[in-house]
């Protein structure tokens, strides 16, 4: 049986005007199970964001086969939603209207839209901030809005591209706990790109390490730590062993 | 379950991908040239269907032969030369006076406070409306036109020089000072390089306004000059020559503004993207 | 437990309220720019008014001289007797029609060119050429085609105001945030939604700046079109006045035109404030 999300030999080369071509993905294979939390780590510029954008349907790969539910990806769809590193909130829309963006484009009537956004505003803990504009929010709050917006369209798959990278360390820790809670509650399949090995281990069922550009999977680590996971788990020997192994796999790929 | 190491396919170099072709690379200028060509062809071709009335419109072939005629007979050069004189006077005066005022306004904070609203009022009012008065007062010769041109083109210099001086980075001044720079070095190494790009950018705007001055002056009352020529050929229904003169003004305007733009890019490459 | 004990710092002093007032500047430092700015204008007007008492003009020059009080008087009479309304409404309608047309054409075209590289490449030479050329050069042609009167004025105002609007809109669209475009695309937005949800709001500051420029050009267009190609309107009134040495009337006309452009700019500013309530307010700076 094919996996829930299955990529085979996905290739993509950027051809920026007036410059040489850049191969971003080459021979990229991936299998993601339904309901799984999969993290992707890899050196900067190895094609992680590119892959998420391909899966989201924003960029068409040059060749290869990428399917979800057995159906090839052909453009954006409401079964997938992305949480962006730089939040990507429309600055001229309030929290509530940002969260309703996807529903609006889906043609959901105002009444329903309002109920849905209210539900997710509560879920991410932003009650009372419905009317605030993005510039009035802290980084952590902005990313909660980003998360709520992605969840509001009820996608099957949540794509997260370094969602917490722009947050300070404490906020990031809190957001990770929140994310696990929400993931358990909403039962989505999550693809999570990060630079932090800790974060990847703490959150994931599996961690995929990518090679340097042009990127493809190098090694996949199952994380068999029991759930629910707590913060203290991060200082256990098992956790640290995993961290070291993943670091070894990753470090050969990093060039500065 | 154990870790899964995956096969590592051999990756061809980036260059193995086909590079962009000539057409891909120069797509923009090629498309632009094509569009211009098509425009002239369509203009010419339209009269195969629509009857041609030479009193109201002309065709590219007639315009180009009209232009050639004006060039060969020397009429065009004569008119352009007549228009160029007041332009040079007015524009030069605008540069000198405008840059001076702007620099003083930027350098002396109180002068800036005092003159900023006044200059804004002048800039916001359509000074070209004074043209009839100036023409009546100074006459239709060089001085009347030069003064209109001066009035219209001085403000971009004032405002840009003003902005340029205010934008000089005080930190850089301190850096040069701390490295033992003298007053002269401050000017040569910090102030002039900071302000000059603003002034040149101002010149680009001022050129257009100066050309308006030339045309207004000459449309009013003149017996020579390129603006006069356009009006005259219009009155005579010599549409081919009228279009030829309009075309030459367009060419001059484009050469001047794009020339300044090019100079900006090559003289101040560090400002690209600002 | 170790010897080190966490101490709950007991901060008893009340935290300062959020709405702490900005530290006061000295009154003079606050007022200086306004006082100097207004002062210089007043001083200039006073000097102008006093000039006839200070110097004696040659008879020829005297004919061309007027004072602010005379100009104000003329303006007053024009408004009081109502003689201004007929020419003003002629000028204003040319202005409004031309500018309106420029907005209707310029904004959508700017968005199209900004979003379509092909269209941009093809129209670029024309836009560059027409933008560099003072559009006044087409006045004789426009007069030939549209005759004296309203429509040639509308056309001149239109081609004058079109390019700043078009070019600014284009720049704004080109500078729209790629990330935001991707966000809405990821939710299934089509080109129209992208324009509506991201590109146009994003380009608003550019569009407003373009509108400001366009107002200036439109006023200029009205003035010149009326100088050369009209039988009535404020511009005509001014040319006739100049010929009859009624200098005060010329300046009165100039002031009315300036007022028109100020009022329009003010309206644009109001519009901008309404449209940009989402933007951060700048905190007070020193």
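A, B and C are the chain letters, set down in written order, and residue numbers restart from 1 in every chain.
Just so we're on the same page, a residue touches a chain if its C-beta (ideal position, glycine included) is under 8 Å from a C-beta of that chain, and two chains touch if they have at least 3 such contacts.
What you see is a predicted model; the values in this text were computed from it and never measured.
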Neighbours of chain C that also touch chain B are A
Chain whose mean Cα position lies farthest from chain C: A
Counting C-beta pairs in contact, which two chains come out on top? B-C
Please indicate the chain closest to the centre of the assembly, with centres calculated from CA atoms only. C
Any idea how many Å lie between the Cα centroids of chain B and chain C? 20
Chain-centre distance (mean CA atoms) for chain A and chain B, in whole Å, is 49
Rounded to the nearest whole Å, what is the centre-to-centre distance of chain A and chain C, using the mean of the C-alpha atoms as each centre? 46
In the complex, the residues of chain A that touch chain B are 13, 15, 17-18, 20-23, 26-27, 29, 211, 214, 216-222, 224, 245
Which of the residues in chain C end up touching chain B in this complex? 32-33, 36-41, 44, 64, 117-118, 120-126, 128-130, 132-134, 136-141, 143-145, 216, 219-220, 223-224, 227-228, 235, 238-239, 242-243, 245, 247, 250, 253-255, 257-258, 261-262, 265
In the complex, the residues of chain C that touch chain A are 179-180, 182-189, 193, 197-198, 201, 276, 278-280
Mind pulling up the chain B residues that touch chain A in the complex? 1-6, 8-9, 11, 14-15, 17-20, 25
Could you please specify the touching residues of chain A with respect to chain C in the complex? 53, 56-58, 76-78, 80-82, 84, 86, 88, 90-94, 101-102, 105-106, 133, 135-136, 153
